[in-house]
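Listed below are the structures to be examined.
One chain, subunit A, links the two complexes that follow: it is found with subunit B in the first and with subunit C in the second.
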Partner chain A sequence: MIINNITMSIMYFIPEIFLFIMSMVILLSGIFQISKNYIFHLTLISIISALIMSYNYQVSDSLILFGSSIIKNSTTEFFEYICYIIFLIQIIISKDYLKNRNLLSGEFYSLLILALLGCFIIISSNNLIILFLGIELSSLSLYSLIALNRYSVISSEAAIKYFVLSIIASAIMLFGFSYLYGITNTLVISDIVSFSYSNNSSNLYLLSYVLIFIGIAFKFAVAPFHMWLPDVYEGSPLPVTNFISSIPKIAFFVIVFRFLDDNSIIANENFSKLLLFLGVFSIIVGNLFALVQKKIMRMLAYSGIANSGFIFLAFFSATNHNFSVAGFYVLSYSITIVSAISIITFLSSQKFDLVYINDFKGFSAKSGYLSFLIMITLLSTAGIPLTIGFYAKYLVLDALVNKDLVFVAVIVVLMTVIGLYYYLRVIWFMFFETNYNSLLNISGKFSIFVLSIIPALILIIFLLPDNILKYIFYILT
Partner chain B sequence: MDITTILFYLVTTVIILSSVSMIIVNNTVHAALLLVLIFFNSAILWLMLQAEFLSIILVLVYVGAVLVLFLFVVMLLDLPKKQKANQKLYLLFSIITSVVMFIELYIVIFYQDFSNSLIAIPLPESNNTYEIGLMLFTDYVFSFEVTAFILLVAIIAAIAINISDKQKALRQDPGKQVLENKSDRLKIIKDDDL
Partner chain C sequence: MITITHYLVFSALLFCISVAGIFINRRNILLLLMSIELMLLSINTNFIIFSHYSNDITGQVFVFFILAVAAAESAIGLAIIVSLFRLKNSLDIDTISNLKG
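For the complex of A and B:
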């Protein structure tokens, strides 16, 4: 159903508008220096009420709002709920961390909500202009969130690197958009996807898709375009890293789905080779570079690069337009990495920053429960059975073997086995070494409860993965 | 070749040459002035497409406001001259990459048939500015609003990064000096605490 009337469109867009208004209210409420806690509570309440609102305004069928700018259907809503829940967990965990570093302020939460809003606009965009504006809104907020910690040299360096490289990626993407508009004469993504190109226009169509996917590969941090990720993970405040590692990935998955779904280009030999090459190269680079890292965030960054490679392999193997494997992988990886970074944020809630992997030495003697949670999350990122990460990796490998790419599957498995070393090293440090670091924070009953939600999910979903997979398949078709 | 074709090639040549030299040139003020040249030539391109409002806006906003501000920043910061060392390797790689990319794009675009995407521009019923305003506030109103969000984020970020919460200058506060007492400054640590 297409709704062109602006007032009617606004009615279906209330949760996002509410979030925008609340981000302004939070920004202004930073003026009053009563106590810092009320800004946090205001943010929490506004996110929860936006979640309830978007649940209440659920649409039954696909809606196109604001004159083909925005699309609302069950796909966009499902991914928005996931983003809301991940965002809630990140906010609850990061409160003490921010408070002890003087970052808990109105502008921090306001920019964080605007970044979330940018991701929602990316998820529900139906138009190339809106897509580009959504990308810019979310990434501009993220650059400034990294730079907010301005007394730290490493944060400023990370912000500048992210800013410059991200702008180049956006420019390349915009170049692709402009050619796509030139050939198809339309800005609406669904029309572009169903555009039947003749023989002599297929090359330029392919070229513009390659340019767009270079931009998307940059946002996923896939191997030749991964240079920014380790520095950003290391330099930015942990709550911002937590955001960057999960929510934009979900948003860009929806965009890739929208660009490739029902599109014959995915069967194009050259284009699918590009996805395959990016995926395999990224898995090799990510796993090998992670071996030599001494800092925990850099290690997680390289493991993220390897996992993005798996996501691209899942896109590559999405034959018959079945993106449920890729969707399952993105969701499982996002919740796992959010759990890992949230636990690290929680451990460094006091003044001490958990930077080096050595700091985990003998941690099980200090808190056995928390080290158990870390173990589950790391094993899920590595892809060990009894966790959701194993099932996601198994699905990708299964799809590769079905495509008669056994050689690629063998390389990928070998690299994953090499990658086990750096995950197991952390677990070894926690359980089999002594001399624990007494500066790590382990107090906070509610936070520990929140932290245990995702590891519990990781274990539960492993028992019934088919139901989740079927649900994602149903959502995506 | 009619006069507009000659003008088009002249303008685009100037744009390309000045863009390249803007990157290469060492002096920041020269670079900013070359950017002015690029904007003026782009404005001529807009004029040739009969988009006179956009071309005037380009000159007014970019040359009139943004670049003047940029020149002020350059003058006030008094930047040191760029170091010339260690640039040759980067130059070699960038030339190779850009030549390869240029050839690729040229091959693809040269053989492209744009004929079915050529549409006659409907002549505006009233003036150009009116039509642009109408489009912005009807069909593209959502894009327009999101652009406003982005500008807002830029303002918030610029202020939040530069706001100074610490008193940097050293000065005496007599009230605080009077209220200070011994326990704030001295802490006695006994041996068995250590």
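For the complex of A and C:
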């Protein structure tokens, strides 16, 4: 259903508008002495009420709003709910961390909500202008969030690196957009996609798609476009890292889905070769570089690069109307990495920063339950059975073998086995070493309860993956 | 006679020059900001050319959005550079090497 009337369109866009207004209210309330102490509660309330609102305005069929620039359907809603839930977990866990570093301020939460809003706009965009504005809204907020801790040299350095490389990515993507506009004479994504079936579809169309996917590879941090990710993970405050690692990935997955679904380019040999190369190269680079890291966030960054490679392999193996493997992989990876970084944020929420992997030594003697949670999440990122990560990796490998690419599948499996070393090293340190570090924070019953939600999900989804996969398949068609 | 091809080659050359400017430049961070501006402007020429030759106004609307976003980007970039300069007293790219590994 197409709604061109602006007032009618605004009706369906109320949750996003509410989020924007609340980000301004939070920014203002950070100034006044009276409201200063309630910023966190205000943020929590506004996110929960936006979630309730978008649940109330649930649409039954596909809606196209504001003259075909915004699309709302069950796909966008599903991924928005996931983003809301991940965001809630992140801000609940990060409160103490921010408080002890004097970062708990109005502008922090305001910018964080704007970044979330940018991701929502990316998810529901159906026009290249809106897509560009959503990407820029989320990345401009993230630059300033990384640099917010202005007494830290590494934060500013991470911010300038992220700034430069992210703009290069956006510019390459925009260059692709300009050629797409030149060929198709339209900025509406669904028209651009259906243009691929017409006879005029040329090599320039392929070139613009390649440019756009190089930009997306920058955003997913796929090798050889991965240089910024380890620096940003190390330099930015942990709650911001937590955001960068998960929610933009979900948003960009939806964009890739929108660009590739029902498009004849997916069968183009050269284009799928590009996706295959990016995926395999990224898995090799990520796993090999992660072996030599001494800092936990850099290790997680390189493991994230390897996992982005798997996401690209899932895109490679996707066919028309079947993106469920990629969707499942993105969801499983993002909830797992959120769990891992949330636990690290929780452990360093007192003055002490957990930076080195050695700090995990003997941790099980201090808190057996938390080290059990860390073990589950790390095993899930590694892809060990009994966790959701195993099932996601299995689906990707299965799709590769079905495409007669056994050699590639063997390389990927070998790299994953090599990658096991650095995950198991952390687990070894926790359970089989002595002299634990007493500065790590383990107090806070409610936070521990919130932290155990995702590991529980990781174990439960492994028992009934087919239902989840069928649901994602249903959502993405 | 100048055709659409000439314009397209021109804007592609501008884009390549600005990318080279970012990767070759080893001296000053401010030069990076200039190269970024040039990059976005070359995209703008591309949009204007396509919009002119196809008699369609939406491409020119996109140009306004890109200009506005480029202004916001340089504002934030300058703010980050100021905070970096306060900590390091230098804008040399080679001194930005605390994050390695």
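Note that the second predicted complex is superposed on the first by the 465 of 477 C-alpha atoms of A that agree within 3 Å, B and C clash if a C-alpha of one lies under 4 Å from a C-alpha of the other, contacts with A are read in each partner's own complex, and residues count from 1 in each chain.
In the analysis below, contacts are C-beta pairs under 8 Å (C-beta built on N, C-alpha and C of every residue); 3 or more make two chains touch, one makes a residue touch a chain.
Bear in mind that the values here come from a model prediction, so they are computed numbers and not experimental data.
Visitor: Classify the contacts of A:I129 with the two partner chains as first (subunit B alone), second (subunit C alone), both, or neither.
Guide: both
Visitor: Going by the contact rule set out at the top, does A:N185 touch subunit B (first), subunit C (second), both, or neither?
Guide: The answer is both, since A:N185 touches subunit B and subunit C.
Visitor: Who does A:Y143 touch here: subunit B (first), subunit C (second), both, or neither?
Guide: It touches subunit B and subunit C both.
Visitor: Tell me which partner A:R258 touches in the superposition: subunit B (first), subunit C (second), both or neither.
Guide: After superposition on chain A, A:R258 lies in contact with neither partner.
Visitor: Scan A:H226 for contacts with subunit B and subunit C and give back first, second, both or neither.
Guide: In the superposition, A:H226 touches no partner, neither subunit B nor subunit C.
Visitor: When the two structures are overlaid on chain A, which partner does A:G67 contact: first (subunit B), second (subunit C), both, or neither?
Guide: First partner only, subunit B.
Visitor: Which subunit A residues come up in both lists, the one for subunit B and the one for subunit C?
Guide: 129, 133, 136, 140, 143-144, 147, 150, 182, 185
Visitor: In the complex, go through subunit B and note every residue touching subunit A.
Guide: Subunit B reaches subunit A through residues 104-105, 108-109, 111-114, 117, 119, 138-143, 146-147, 149-150, 153-154, 156-157, 159-161, 165.
Visitor: Hey, which residues of subunit C end up touching subunit A in the complex?
Guide: Touching subunit A: residues 15, 19, 22, 29, 32, 36, 39-40, 42-43, 46-47, 49-51, 54, 56, 58-59, 61-62, 65-66, 69, 72-73, 76-77, 79-81, 83-84, 86-88, 96, 98-99, 101 of subunit C.
Visitor: Which positions of subunit A touch subunit B when the two form their complex?
Guide: 6, 9, 20, 27, 65-67, 69-70, 102, 105, 107, 110-111, 114, 117, 121, 127, 129-130, 133-134, 136-137, 140-141, 143-144, 147-148, 150, 182-185, 198, 200-201, 203-204, 207
Visitor: Which bits of subunit A are touching subunit C when the two form their complex?
Guide: Per the touch definition, subunit A meets subunit C at residues 128-129, 132-133, 136, 140, 143-144, 147, 150-151, 153-154, 156-161, 163-164, 167-168, 171, 174-175, 177-179, 181-182, 185-187, 230-231, 234-235, 293-295, 298.
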